[in-house]
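The next part holds the structures, each set out as C-alpha cells.
You will see chain A twice below: alongside chain B first, and alongside chain C after that.
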Partner chain A sequence: MSSKFQYDLVALVIFALVVAFGVPAVMNYDGFELNTFARYLALAIVSMALSLSWGTAGLLNLGQAATFGMGSYAMAMHLKLRASDGLPDFMGWNNVETLPWLWVPFESLTFTLLAGLLVPAFIGGLIAIFMFRARIAGVFVAIITLAFLVAFQLLFINQQGLTGGQNGLTGLAQMSLFGWTVDPYSMGFYNLVAGCLVVALAFGVYLTHSKFGLILRAIREDADRARFFGYNVASYQTLVFCISAALAGWAGMLYTLVLEFASPTYMSVSFSLAIVIWCAVGGRESVSAAAFGAIVVNMLEGRLSDVFVEGWHLILGVIFVLVVMFMPRGIYGLLSDSVQKIRRIRRTRDQRSVETFPNT
Partner chain B sequence: MDVIANQLFAGLSMASILLMIALGLAIIYGAMGVINLAHGEFVMLGAYATWALQTYAGIGILPALPLVFISVAAVGWIVEKVVVQNLYHRPLDTILATWGIGIILQQAVRLGVGAESRFVKGPALLSGNTEIGPLIMSNYRLFVIVFSMAVLAATWVLMTRTEFGMKLRAVIQNRAISECYGIEAKRVYSITFAYGAGLAGIAGALITPLFSTIPTMGTGLVVDAFLVVIVGGLGSLIGSAAASVLIGEATAIFSIVINDTLGRIAVLAGIILLIRFRPRGLFPTETRR
Partner chain C sequence: MEQLQVTDLQVEFGGLRAVDGLSFSVQEGEILCLLGPNGAGKSTTLDLICGKTQPTDGSIQLNGVEISQMLEFRRARLGIGRKFQVPSVYKNLTVDENLSVARSRRPGMWNALTRLSLTDAREAASILDRVNLGAKRHEMAGNLSHGETQWLEIAMLIAQDSKLILMDEPTAGMTIQETERTAEIFRSLSDNHTLIVVEHDMSFVRTVADRIIVMNRGAMLAEGTIEEIEANEDVKTAYLGH
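On to the complex of A and B.
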C-alpha cells in the first residue's frame, strides 16, 4: 500500500464522517439547509466524475453536462409519469396524443435507475470510441465534446413534445423507493445523497489506485509510450469515459430529486464549464479533492450571492483566474506541495544532525 | 429558386460575420496555441463600445471602427500581459483562464451598463436594399461581406509582407531560435493578441445593427468561431475563410431543407465528423511546434 493511497483513504474517511455527521449537525438538521447541501453533494459527484477522465486520464471532457442531463432527465421522466395519470401535461400542449415509445419503459423505477446510469455510459462510450479510435487527443477532445454538447442541448430543446423543450420537466412526483417516499427536505434524503457520494468516491479512489488507474496515468503522461508497451490505449480511454459518464448520470438523477425539476440549462455550455471550474479548484488529480472543490465553490457561490447580490459572479471569475494562474493543481496541489516541503525540511534537519554527530 | 438565392446570400452574410470573429481567434490560436474563450467577450466589448460612442458622442458605426479597434485591442493587450503570458507552457489551462476572463468581462459590463439589450442604428448611407431580379440584398450586409474580405486581405498583407509578420511567422516556427536572432517573442505575442482582440472588437461593432447587444452575446459566437478555426486548419487564414463560407452556407441551406435548429445540429454533426477524420483541418499549415 503506497503512502498516497493511505492519504487518499484517510481523506475519504474524514470526508465521509464530515458529510454524514458534521454537516447535518452544523445545519441544525434544518430541512431547507440540508436540501441545499444535498444539491452541492450531487454536484460533487459530477465533479469527481470529471476528475476521473480529466485528472487521471488527461481527457478534458467539456461535454460532461450532456451525460449529467441524460441522468437528470431519465429520473424526471419517471417522476413525471408518476405525477400524471396517463399523458404528462406538456405533451397535451404540444399535441402529442399517445405516450411516445421512448417514455413507456420509464414507468418502471428499476428501468429508470438502470437507464440513468447506462444510457449516459453508452452514449459517452460511443463518442469515446469514435474519438479515441482515431487517436484524437488534447484540445481536439475538448472541441469535439463541446460541439456534441451544443448539438445535444439544441436537440433537447427542439423536441418539445418529448422533452418539454425550454421549460424542461416540472411538476414532478416524489420518488418512492421500496415503499419509502423520498422527501427532498428530510434527513433521510440527505443521507441517501451523502451515501451515494461516499460510495462514488470510494469507487473513484479504488479505481485511481488500481492497475487500471496506473495505466490511465501512463496514457496521460505519454500515450505513445503506453501504446508501445502493448496497452490498447483507445479501450482504456473509452472505459474511463464510460465510467465517468455513468457517474455523471447518477449525479444527474440525484440532482433532479433535489431540485424536483429537470431543465435544459443542465446541458448548457456554461454549466459544463462550471463543472470544469469546480474540478480545477479542488484539484483534478484526486477524486476527493475534485468533490471538495465542487462543494467549496458552490457554497461560496451561495454565500457570495447573499452578500453581493450584484457582483458575486465577478468575484467568482476573479477567484477562478487566480486559481488557474497560481494554483494550477488546485487546493489538492497546494496541500500536497506543502506536505512535501515539510518532509524535505525534516529530512535536511535529520541529515544535519547526522553530520554534526558523525560517531553516533 | 429565389428562395434558394436569398438563402445563399443569408449564408454568405453569416459567413462574413463568422470570418470576422474567427480571424482574430485563428491568429491567436495559430501563433500561440492559446484557446481564447474570452474572444466572444471581446466581440461583446466591441459592440458595447460602438453603442456607447453612438449614444454619448454621436459617432456612427463607420467612423467609430478605428476607435473600437484600438480600445478593444488595448483590453486584449492588458489581458495578455496580466494573465495569458504566464500560461504559454500550459495550453489547456488557457481554456480555463480565458473562460474566467470572459466571466469577468461579461459581469463587468452587466454591472456597468445593465443587462437589458441595447440597439445601435446602422449607418444611413447603407440603409436600402440592392435588388438583382428576385434576389434582395441589404446594403449593410453587402458592406459587411466586402469589409470582411478587406480585413482578410489586410491581415494577409500584415502576415506576409511586413516586418512584423515575418517576425511573427519566425516565432511561430521556432520561438527559441527566433529569440536568438533578436526577435522579442514576448512582444510579438502581446501585439498579436492585441491585434486579434481588436479584430474581434471590429466584428462586434459591425454586428450591432444585426444582433441585439446583450452582455451574454459572446458565448454563443465564440463556440461557432472556434469551430470555424478548427475546421479551417490551425493558423491558416485561407482555411478560416473557406471554413466560414462552408459553415455559413451549410447552416443556411440546411435551415431551409430541414429547419433552423435541426439544421444547426446537422452542421455541428458534420463538424464533429470533419474534426474526427481531418483533425488538422481543411488547410493544414506545415509548422514545427
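On to the complex of A and C.
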C-alpha cells in the first residue's frame, strides 16, 4: 500500500467522522440546518464524481449537470406520481390525457433508483463512446459536453407536457423506503445523505488507487504511450465517464429529496460551471478534496449571501480568481505541496547532521 | 521460424516516400539492427510496425497474422513493444507506477478494476534492480536523469514482456559503462525476445547485432553480418556521399 493511499484513507475516515457526528452536533440537531447541510453533501457527491473524470482521467466534463438533472428528475417523477391520483396535475394543464409511457415504470421505487443511476450512465457512456473512439481529447471534450448540456436542457424544457417545462416538478410526495417515510428535515435523512456521500467517496478512493485509476492517470499524461502498452484507451475513458455520470445521477436523486422539487435549472450551464469551481477549489486530484471543495464553497455562498445581500457574488468571484491564480491545484494541492516541502527540509537537515557528526 | 515478415512496405507523407518498397523478415530470438543516415526511414519503419503510422501500401505479418491495418493497442496485445527515441515515460508518475502501467499482460478493464495500482509493480520489482533503479522506486520519473530515464523505459519494456521489442536509439545519452550494461541486457533478452534496434553507436551494434540492415532513402541498401556490412561499397558511398 502506498503512503498516498494511506493519507487518502485517513482523510476519508476523518471526513466521515466529521460529517456523521461533528456537523450535526455543531448544527444543534436542528432540522432546517441539517437539511441545508444535507444539500451541500448531495452536491459534494457530484463534485467528487467530476473529480474522477476531470482530475484522474483529465476529461473535463462540462455536461455533468445534465446527468445530475436526469437523476434528479427520475426521483421527482416517482414522487410526483405518488403525490397525485392518476395523472400529475401539470399534465392536465398541458392537455395530456393519459399518463405517457415514459412515466409508467416510475411508479416503482426500485425502477426509479436503478434508472437514476443507469440512465445517466448510459447516456454519458453513449456520448463518451462517440467522443473517445474518435480520439477526441482536451478542450474539445469540454466543448462537446457543454453543447450536449445546452441541447439537452432546451429539449427538456420544450417537452412541457412530459417534464413540466420551465416550472419543473413541484408538489412532490415524500419517499417511503422500506416503510420509512423520508422526512428531509430529520436526522435520519441527514444520515442517509451522509452515508451515501461516504460510500461514494470510499468507492472513489478505491477507484483512484486501483490499477484502473493508475491507467487513467497514465492516459491523462500520454494516451498514445498507454496504447502501445496494449490498453484500449477509449474503453477506459468511456467507463470512467459512465461511473462519473452514474454518481452524478445518484447525487441528483438525493438533491430532489432534499429540496422536494426538481427544476430545469439543475441542468443549466451555470450549475455545471459551479460544479467545476467546487472541484477546482477543493482539488481535483483527490475525491475527498473535491467533495470538501463543494461543501466549503456552498457554505461560503450561504453565509456570504446572508451577510452581503448585494455584493456577495462579487466577493465569491474574487475568491475564485485568487484560488485559480495562487492555488491551481486547489486546497489539496496546497496541502500536499507543503507536506512535501516539510519532508524535504527534514531530509536535508538529517543529511546535514550526518555529515557534521559522521560518527554518531 | 519467421516472427515478423515485412513485404513491400510503403508510406507517403505529402508526396515524400519515407519508406519505399521495404521488405525484410526477422527470426525469433534474433537481434536485428537498423542502420542508415538521417532521414533513411529507420524510425518510420518502427512506427509502421508498432502502429504509430499507417502504411499506404504493403503488408506486415506477425507470426503469420496481417497487422498493418490494426489499431496500435491490438498490436501491442499481440506482442509488440516499443521504445521511443525521445524517452517517453510518465513523468508525473513514480518509477513504481510507471512499471505497473507497463506490466500489461492483462490489459482489460476488469483486471484493472480488481487490482491495486502497485500490485503489478511489486511483482516486477526485480527488473528495477537489473537496471540499477532499485533505490529510486518512489521517485517521480520526471526527477530522473536522462540516462536513468532511458533505463526506466527499458525496464518498462522488460516488464511489458513483448515477444517483439522495437528499440529506437536505446543508448542515446548514455555513458560508455551504461551502454555496455545495456548491451549485456539486450543479449540476455534475446533468449526469449526478438529485438529490432535502431542505433548509431557502432561499437554497440557490433556487440549486440546478429544481423544488420542498412537503409537509405526509405529502401534497403544492404543486409548481412557486421563484417559484410563494413566491407560493402554501397554503404560507404551512402554514408560518405561519394
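What we mean here is this: the second predicted complex is superposed on the first by the 360 of 360 C-alpha atoms of A that agree within 3 Å, B and C clash if a C-alpha of one lies under 4 Å from a C-alpha of the other, contacts with A are read in each partner's own complex, and residues count from 1 in each chain.
Going forward, a contact is a pair of C-beta atoms (placed from the backbone, for glycine too) under 8 Å apart; a residue touches a chain by one contact, two chains touch by 3 or more.
Values in this document were obtained by computation on a predicted structure and should not be read as measured data.
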Clash or fit, chain B versus chain C on superposed chain A: fit
Tell me the angle subtended at the Cα centre of chain A by the Cα centres of chain B and chain C, rounded to the nearest 10 °. 80
Can A:I157 be said to touch chain B (first), chain C (second), both, or neither? first
Partner chain(s) touched by A:I143 [first = chain B, second = chain C, both, neither]: first
Touch test for A:I129: chain B only (first), chain C only (second), both, or neither? neither
Could you look at A:S235 and tell me whether it touches chain B, chain C, both or neither (first, second, both, neither)? second
Taking the superposition as given, does A:V296 touch the first partner, chain B, the second, chain C, both, or neither? neither
So, does A:G311 touch the first partner chain B, the second partner chain C, both, or neither? first
Once the two complexes are aligned on chain A, which partner has more residues of chain A within touching range, chain B or chain C? B
Who does A:V324 touch here: chain B (first), chain C (second), both, or neither? first
Touched partner set for A:L109, first chain B, second chain C, both or neither: neither
Distance of closest approach, chain C and chain B, by C-alpha atoms in Å: 14
Is there a shared patch on chain A that both chain B and chain C touch, and which residues make it up? none
Per the touch rule above, chain A residues touching chain B in the complex are 60, 130-131, 134, 136, 138-140, 142-144, 146-148, 150-151, 154-155, 157-158, 269-270, 273, 276-277, 280, 310-311, 313-314, 316-318, 320-321, 324-325, 328
Residue ranges of chain A touching chain C (in the complex, touch as defined): 1-2, 5, 207, 209-215, 217-218, 221-222, 224-233, 235-236, 239
Write out the stretch or stretches of chain C touching chain A in their complex. 50-52, 71-73, 76-77, 81-82, 88, 90-93, 96-97, 100-102, 104, 107, 109, 111-120, 160
Quick check on the complex: what are the chain B residues that touch chain A? 35, 83, 86-87, 90-93, 95-97, 99-104, 106-108, 110-111, 219, 223, 226-227, 230, 261-262, 264-265, 268-269, 271-272, 275-277, 279
